[in-house]
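When the chains are written out, they are named A, B, C, D, E and F in that same order, and each has its own residue count from 1.
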Amino acid sequence: MPQKIIFATQRYQYLKDRILSISVPSWENGVIEIRDFPDGEHYHRIRSNVSNKEVVLIGGTIDDKETLELFDIAHGCIQNGALALSIVIPFFGYSTMERAVKYGEIVKAKTRALLFSSLPGTASGNKVIMIDLHVDGITYYFESGIRPVHLYGKTFVKEAALELAKGKPFVLASTDAGRAKWVESLANDLHVPAAFVFKRRLSGEETAITAISADVQDKQVIIYDDMIRTGGSLLHAAAAYLQAGASEIAVITTHGIFAGNGFNKIKDSGLITKIICTDTHPAALTIQDDMLVVKSVDKLILDYFDTLQYPK
Amino acid sequence: MPQKIIFATQRYQYLKDRILSISVPSWENGVIEIRDFPDGEHYHRIRSNVSNKEVVLIGGTIDDKETLELFDIAHGCIQNGALALSIVIPFFGYSTMERAVKYGEIVKAKTRALLFSSLPGTASGNKVIMIDLHVDGITYYFESGIRPVHLYGKTFVKEAALELAKGKPFVLASTDAGRAKWVESLANDLHVPAAFVFKRRLSGEETAITAISADVQDKQVIIYDDMIRTGGSLLHAAAAYLQAGASEIAVITTHGIFAGNGFNKIKDSGLITKIICTDTHPAALTIQDDMLVVKSVDKLILDYFDTLQYPK
Amino acid sequence: MPQKIIFATQRYQYLKDRILSISVPSWENGVIEIRDFPDGEHYHRIRSNVSNKEVVLIGGTIDDKETLELFDIAHGCIQNGALALSIVIPFFGYSTMERAVKYGEIVKAKTRALLFSSLPGTASGNKVIMIDLHVDGITYYFESGIRPVHLYGKTFVKEAALELAKGKPFVLASTDAGRAKWVESLANDLHVPAAFVFKRRLSGEETAITAISADVQDKQVIIYDDMIRTGGSLLHAAAAYLQAGASEIAVITTHGIFAGNGFNKIKDSGLITKIICTDTHPAALTIQDDMLVVKSVDKLILDYFDTLQYPK
Amino acid sequence: MPQKIIFATQRYQYLKDRILSISVPSWENGVIEIRDFPDGEHYHRIRSNVSNKEVVLIGGTIDDKETLELFDIAHGCIQNGALALSIVIPFFGYSTMERAVKYGEIVKAKTRALLFSSLPGTASGNKVIMIDLHVDGITYYFESGIRPVHLYGKTFVKEAALELAKGKPFVLASTDAGRAKWVESLANDLHVPAAFVFKRRLSGEETAITAISADVQDKQVIIYDDMIRTGGSLLHAAAAYLQAGASEIAVITTHGIFAGNGFNKIKDSGLITKIICTDTHPAALTIQDDMLVVKSVDKLILDYFDTLQYPK
Amino acid sequence: MPQKIIFATQRYQYLKDRILSISVPSWENGVIEIRDFPDGEHYHRIRSNVSNKEVVLIGGTIDDKETLELFDIAHGCIQNGALALSIVIPFFGYSTMERAVKYGEIVKAKTRALLFSSLPGTASGNKVIMIDLHVDGITYYFESGIRPVHLYGKTFVKEAALELAKGKPFVLASTDAGRAKWVESLANDLHVPAAFVFKRRLSGEETAITAISADVQDKQVIIYDDMIRTGGSLLHAAAAYLQAGASEIAVITTHGIFAGNGFNKIKDSGLITKIICTDTHPAALTIQDDMLVVKSVDKLILDYFDTLQYPK
Amino acid sequence: MPQKIIFATQRYQYLKDRILSISVPSWENGVIEIRDFPDGEHYHRIRSNVSNKEVVLIGGTIDDKETLELFDIAHGCIQNGALALSIVIPFFGYSTMERAVKYGEIVKAKTRALLFSSLPGTASGNKVIMIDLHVDGITYYFESGIRPVHLYGKTFVKEAALELAKGKPFVLASTDAGRAKWVESLANDLHVPAAFVFKRRLSGEETAITAISADVQDKQVIIYDDMIRTGGSLLHAAAAYLQAGASEIAVITTHGIFAGNGFNKIKDSGLITKIICTDTHPAALTIQDDMLVVKSVDKLILDYFDTLQYPK
C-alpha cells in the first residue's frame, strides 16, 4: 500500500487541514512553495517527495487563478514521479455552462474537462473526483485518459433536512424544473412529498414563478439546490412557495458561493429562516452568521479513498 | 465546394432516399455492397469513389449490428480518402444509459461515444450529428478529435402540437421529472401552461405517479417525451393526467421505438388519442395505424448542412 | 502479486468455467449482471470488485453482439479501477477479412483491432490474447497502446495428429496455398511429409483443385486448417487428396465454426472420417457427434498466464 | 483562399484594431460577447461565423484570466468549424520559468505549452505564433499536434538602435550572461562592438555585476534585453556600464512589462535616458512618458501571414 | 488542385529524377540541402517552399541512415506547412522481420511502422505508399493517424514473364511455401501451371528442398519471389526445379537487393539464365550485367497519384 | 521493489559493464542477441526476462545505427512486459541542431525527441535521462507521455577543475557567448573569475575571436565547454585567451567526441596542456594519450537511480 500525500491549492488549504486532522497519521502533509509576482505570474515548487506516492490534490475551479494553480501543481506532481494522482475538485466551477444553447457559446464545463484531461498520466492513472455536480453528465466530459468520479452528498442532504425539520413534517422543494428529478429522488429517500416550480416566461427577460404543488399549505418547505450563486432563483422560488401557503422556508445547498453579496441579499429578504451548506467552496467559510451552518465534506472525501470506490 | 456523397446503413436506407429525393441533384448517392455471412460476419465494400468528397453517413445505434456497420462504413470512407465525414445518428441508442447510478454500471452512452471517437480523422474532420438527445450532455461525451452536433426538433414539436390542438387550448405535459425542464421550455415557446408529474416510490419497485399541476382540468393535455420505448412511463403519466381531470391525451415524441409490441399496448390502453413521432428510428415506419403520424427529419438534417451550422 | 479475477461474455461462460475449475482457488469468479432489452439495447453491471485486480476477460468477436459486449465489459472493468486487463479472444472473428484486395473493401480485422485499441489504459496496461490467428500479422494491427499476444496451438495439433494417426504413417496436408507455410512447419515438427494443393481458376468463379504432392498414394492424409467455417474449401481439398490416391482423410482444425449447417454437410459428404477441433468458438460445443472431438484451450490460456509470457 | 477573421482577448483588443486598420478590408473583424460574473466565472460567445474561415486569435499569457480566455476562445473557434487556427501570443508569459533548476519546480513554460497543445485540431491545423521568446527552445515545448512559430523582432531592434544612436558610435550591451549570444549576434548585424556583464555571487542573495568589456569608455551604450519585468537587472547592468565609463545608457526591449511600478523606478534612477519597446504586452501602452517610445508589432504579425512563413 | 512537389532521400534521387522526367512539367522538383558531419550527424534543410503543396517524398528503409533521413525530411515538410504528405517507400526494408517467432524478437516491420506513424499530421493527412510488400498485413501495422497504401507490381511481373518466356510454355514457381499463395494467383492470371517447393528440415539448420510439382519436366521454369536478398533460397529452389527436370530457370523479382555479393553468387552458380527486377532498391542499379534487366517502378508510382487511388 | 535489469546498445556496453561492476549484485545483466546483415538490416532478440522488471537501457544517439538500435531495443523491452523503462542517453547527439535559424532547417533535437516519445508506455512509465545537454530546453522537447530527466555533471567539472588547477589560482573561461551563462554559474560555484569571448564577424564566414576579460594575464585559464566535436571553436578560444596573456590553457568538457581526427588537431596545436572529459561518448575511450583523462559517468547515473530523483 503506497503512502498517500495530500496537497491543496492556496484557497483550499482549509480542506486539506481538515482531512489531515482526520486521517492523521496515515496521510502525509504535502508542502508546496508558492510565490505570486507583480507581473501576474506565479512560482510553484513542490517541496515534498512525491515519488512513488499516491497524490491527493484538492482545489476547486472557482476562478482562473485557482484553476491554473490546480493544473500546474498536478503537472508538477506527475513530472516528479507521483504513482497515482487524484484531483479532488469539491466545487467544479463553470458547471452551469455545461452546454451550448446558442451558436458560438463556449462550453466551459467541457473546456475545463479538456484541460485536466491533457495532463500526462501517472503509473496508476489520474482521477478527477467531483461532488454534487450541477449536471451528472459532466462526469463523462473528460477524455478517456482520466477517470472521473462523482460523489453524491446524499447523506449530507438527508442529515441537514432532518436537522432543519426538527421532527415536524415538511416538503422537499426545488428551485427550478431542471432539478426536479433530483429533488424527486431525495424526497423519496426521505419519505416526504416533493414540490416543484414552473417558470413562465412573460416577455423577454421577465419571468413569473409558480409553485405547482398543492400540498405546501401550512407546511415547512425545505428547498434543496445544488448551489447558491447569487441567490436569485432561490428567492424567487421561496416567494412562490410562501405565496402557495408554505409556513416557513429553510434551505439546503451543497455549494454555498453567495457571490456578489449574495448572502446578505438572502438574509435581508426575510424569506428564509436557515441555510445549511457544505465547505466545497471557500466562500462559505467567510460568512459568520447564525443563519448559515457550514458542514465539511472532509469525511465524504476521506470515505471515498477508504471505501466508496468499492462496490456495495 | 467539394461534392457531397451520402451513405446509409442497411436499416436507414429510407432516410438516405428521402434526403436524396430533396437534395437531388446536388448530392451523390453512395453505393455500398454488403453481404451477411452465416457465421455472423459481414462483408462491406464501398463501391463509390469517396476520395476528396464530403461524406454524409446515416445510421442509428439502434442495435449492435447497425452500430458496428456504422463504425465499419465510417472507417472505410476514411481509409478511402474522404475529405470530411459527417456521421448522422438520428437516434442515438443507449442514450438512456447515460450515467452510472450504481457501482459497476457500464455507461453505454459513453462507450458508444468512445467507439466513434476512435475513428481516424479525415482532412476536414469528423462530425457526429445527433437529434433530440435524451440528455444534452451526451454531446460532450465524445473525445476531442470529433466534433459533435446536437440538432433540436423544436420546430417539429411545435408544428405537431398545433396540429394536435386544432386551435383549442392545451397543456404541455411531461412524463417524468427528468424532462420537466425541457417541457417548461417548450411550453413557454408555445405560450401554454406546463404540467409535470411526481413519481412517489411506494416500496421497492412500486411507484405511484401524481400529476402535480392544478390546471389540466377539462383541458386537452399534450404529452411530450423525447422517446417512447415500450410506452410504460407514458401510460402511467397519461393515467395520472386523466385522473387529474384532463379531457384528452395526445402525444408527441421525437423517437418512436415502440419496442416489444409497445404500440399495441398503448393503443389497447385507450388512454391516448393520437401520437405524432418522427422517422429517426426505423421501427416507427413499420407501424401502419391511423393513431400514429410519422414525420420525417429529412429536412432537419438537410437544413443543418445548408444553414444550421452557421450562426443566427 | 495482485488477485486475478476472470469474466466472460455470455456465450463464453463455458470457457470461464473450465478455467476456473483448473485455476481454483487462486482466480476469482467475476460476476456481471446482464439484461437484454426488447429495443436491442443491453444492460451490463459488474458486480464484483475489480479495483486493483488483474482482470482476465474472455470473449470472441464471433458476432456483433459478442463483440460489443466484450468491448463494453472491458470498458467497465477499466472504469472501475482494474489494475490490468487481459482480453482473451479465443477466436478472432473477421480474421479472414484481413486485407483489402479490391478498392473500397473494409478490412474488419483492422477495424476490430482499432475498436479494442480505443479502450483507455489500465495501470499495468491492456493486452489482447488471441489463438491461432488466420494471419500472423493481425497481432500487429493493434494501436501501440495495447499489447497483443498470439498463442499457437501447436501442441494441440501435434497431439491431435498422433491421436488420429494411431501409430501409422501419414501426410500432413493443407486446404489451400495460403496455409502451405504453416503446414510445412507442422509437418517438419511431426517428421512427416507435407502435401499442398494448387487451385486453378477455370473461369470466373469456377476453380479446380489439384493435389500437387506425389506421395499421398495409399496413405492417411491429415488435413490441418486454422478454421472450418462452412467446410467448402475443406471438402474440395479432401476430394483432391482422395483423387490423388489417399486412403483416408482426417481433419484437425483450431476453430470449429461449422456455420450454416456446415458440420452436416461435411458428414454427409462421406469424405472425412474424423475431425478434431478446439472450443475456441462456442459453436463447436453445440455439435454432438462421434465424428467430432472437441478439446479445450483452457490449459493453453492458463499456461500463458503462468509461464508462456516468459522467455524459454 | 479562405477568408481570414481575427479575434482577440479583452486586453489585446488594441492589437487587433491596429492589425485590422492595416489589413482592411481583407480581414474580417471577429466579434465575441464576453461577460464576467461576480463568482469568478466568465461567459464567452462567438458572434461571428467562423465556419471554414482562417481564424487568427491574439492574446498573451500575461495572467491567468487572459490565458484561460485565450484557451476558451480558441476552443470555441475550433468547435464552431474554423478551417485553421493561428493563435498569436505576442508575449508568452511564464517564459522565464522555462526549466526546473531545483527539484519540484513547476516549469510554467511547459505547462502553458501543454495547455495549448491540448486543443483539438482544425482541418488545416493549429499554429502558435510567438515573438522574441526568452528562450528559443520554447518553440519546441509544444506537443506535435500544433505547429509553433517564432518571429524575431530583429528589424525592430536594429531600427530602434539606429534611432537611439543618432549617427554616433555605440556599443550594444546585454544585461546578463544568458543574453550574451543574442547580443553578440545583434551587434554583428549592426557592425558595432558588444559588451557583456559578469555577475559575481558575493554571498547568498548578494551579487556584484561587472562590465567585462574594455571599450565602453566614453561611448553610448545601448542595452538590449528581451523583456523588462521590474527593471532590476537592467538597472544593475546600467550602473556597471556607467561605472566602466559609458557616457550614456539607452535601452531597447521587445517586451515592456514594467511590473510593480517598474517604469517609475527606472525613471527615478536617472541612469537611463531613453527606452524603446514594442506593444506585445498591454502594460507598455498604459505608460505616458517622453522617456518611453512604444512601437507596434502589428506589421511583424501581418507580414508573417503575408510572406514570412515562406522561404527566402 | 494544389501543386505537387517531390523530394527524395540521397540514395533515391534516381527515382525522383525518373518520375520528374515523366511528370514534367506538372510536378515541382523539391530541393533539399544535406550535409553529413564527421561525428555521424547530418544537416538537412528544405530549400523549396512546401507550404500548401502536396509533398511526395521518396525513400526506402534500406538502412538506418536512409530510414532516419526519410523520417527527418518528412518531419521538415510537415513543420514547414505541407498540405499533404505521401511517403513513397519503394522497398520497405525489415519487411521479413514481420513477426516474432521466438520470445524477445523485435519486430522491425512494426517498429518502422511506428516510427512513421509518429509524424505529426498534415492538413490533408499523411500516407505511406509501399510496393509488393513481403507480407500484406504490414499495410495495417501503421497507427491509425496515417493511411497506408499497398501497390502491387502485377503488371510488371506479367510483362516480365511474357518477355522471358518468348512465347514458349512455362511454369511459374515459388521459392518457398510462404509465397505459394501469391504464385498461385499470378499463375492463374497468366494461365500457366504453378510449382511449389517443400522444405524438409533434416536436422537443426540443415534442410532439403524438394519441388513438389510433377509438371516441370522439360519446361522452362520462371521463379517469382518478392525479393532477392542474398539469393540463397533462390538457388536452392532453382536446383530443386532443375533436379525435377526443368529445362531452364529464369527469375522475376520485385526487389533486387543482391546483398553481400549476391548477384555474383547467382551468376557463378550457372543455374539461372536471366533475372528481371525493378529499381525499388538502389542496389539493383549498381549491377551492370547482361543477365540482369532492371525495370523502373516510376510509372507505377505516378499512376497511383493519377488514377490508382480511385475505384475501378 | 522490482528487480532492475540493464541493457545497452552495442557501442555502450562499456558503460553498462561499469555500472554493473558498481551496482552488483543488485542489478541484473540484460542479454540481447544482435546480428547485422549484409543488406543493412539488423536482428535483435532480448534473451533475458524483462517482464515486470525495471529496465534501464543505455545508448547514445551518436549515429543513425545506434539511434535506431536504442529505439528498437526500447520497443522490445516494452512489448515483452517491462514494468518501467529508463532510457539513459549519456550523449544526446544532434543537440546542437536544437532550433531552426533559417527557413526549412530540420531540428534534429526535436525529431529525435519525437522518436523516443512515440514508444508505447510501460506500466510505470518511460523516462529519458540525459547528461549535460547542450541546451537545457531540450528536456521539454519530448511529448508528454515520456518523462525527461536532465543530470548535471557539476561535480565532475568542479573536481576536474581542482585537479587541473593544482592549488593555483585560475580563471574559468567559455568558448563562445552561448555558454557564458553556464560558465558564470560554474565560476561562482568555484569562487573564481570568469572569462568570456566575443566573436566578431569580419565578412561572410570569417570571424575574429577576442577574449573580453581583463584578468587572464599570467593566469592559468581553464576552459569549460559541454562538448568538443572537432575542436575548432576550442582552439580559437584558446588562442584568444593566450593572446590576452593567459599563462596556460587546460580544458574540461563533458562530451569528448573529437570527430574527424579532432584530438590530434588539438594536440598538434600545442595550445592546450591537458583535457579532462567523461565517457558519455564511446569515442573518448578510443584515445590513448597522456594529455587526455577520461572520467566515467557511471556513478552519476547510478546515483540518479539511488537518490538524485528525490528532493534535497
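The rule we apply is simple: contacts are C-beta pairs under 8 Å (C-beta built on N, C-alpha and C of every residue); 3 or more make two chains touch, one makes a residue touch a chain.
Just so we're on the same page, UniProt names per chain: A, B, C, D, E, F = ribose-phosphate diphosphokinase.
In this text the structure is predicted, and so the values were computed from the model without any measurement.
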item	value
Maximum centroid distance from subunit F, chain identifier (CA atoms)	B
Centroid distance [mean C-alpha coordinates] between subunit C and subunit B, Å	39
Centre-of-Cα separation between subunit D and subunit B, whole angstrom	51
Junction residues of subunit D, two or more chains touched	46-48, 79-80, 103-104, 107, 110, 114, 117-118, 121, 123, 144, 310-311
Touching pairs among all chains present in the structure	A-B, A-C, A-D, A-F, B-C, B-D, B-E, C-E, C-F, D-E, D-F, E-F
Residue numbers on subunit F that touch subunit C, as the complex places them	46-49, 51, 79-81, 118, 120-123
Residues of subunit F defined as touching subunit A within the complex	84, 121, 123-125, 144-145, 147, 309-311
Residues of subunit A defined as touching subunit B within the complex	98-99, 103-104, 107, 109-110, 113-114, 117, 135-141, 143-144, 150, 176-178, 180-181, 183-184, 188, 193-196, 198-201, 212-214, 310-312
Subunit A-facing residues of subunit D, complex	37-48, 62-65, 67-68, 71-73, 75-76, 79-80, 93-94, 97, 102-108, 110-111, 114-115, 117-119, 229-230, 257, 259-260
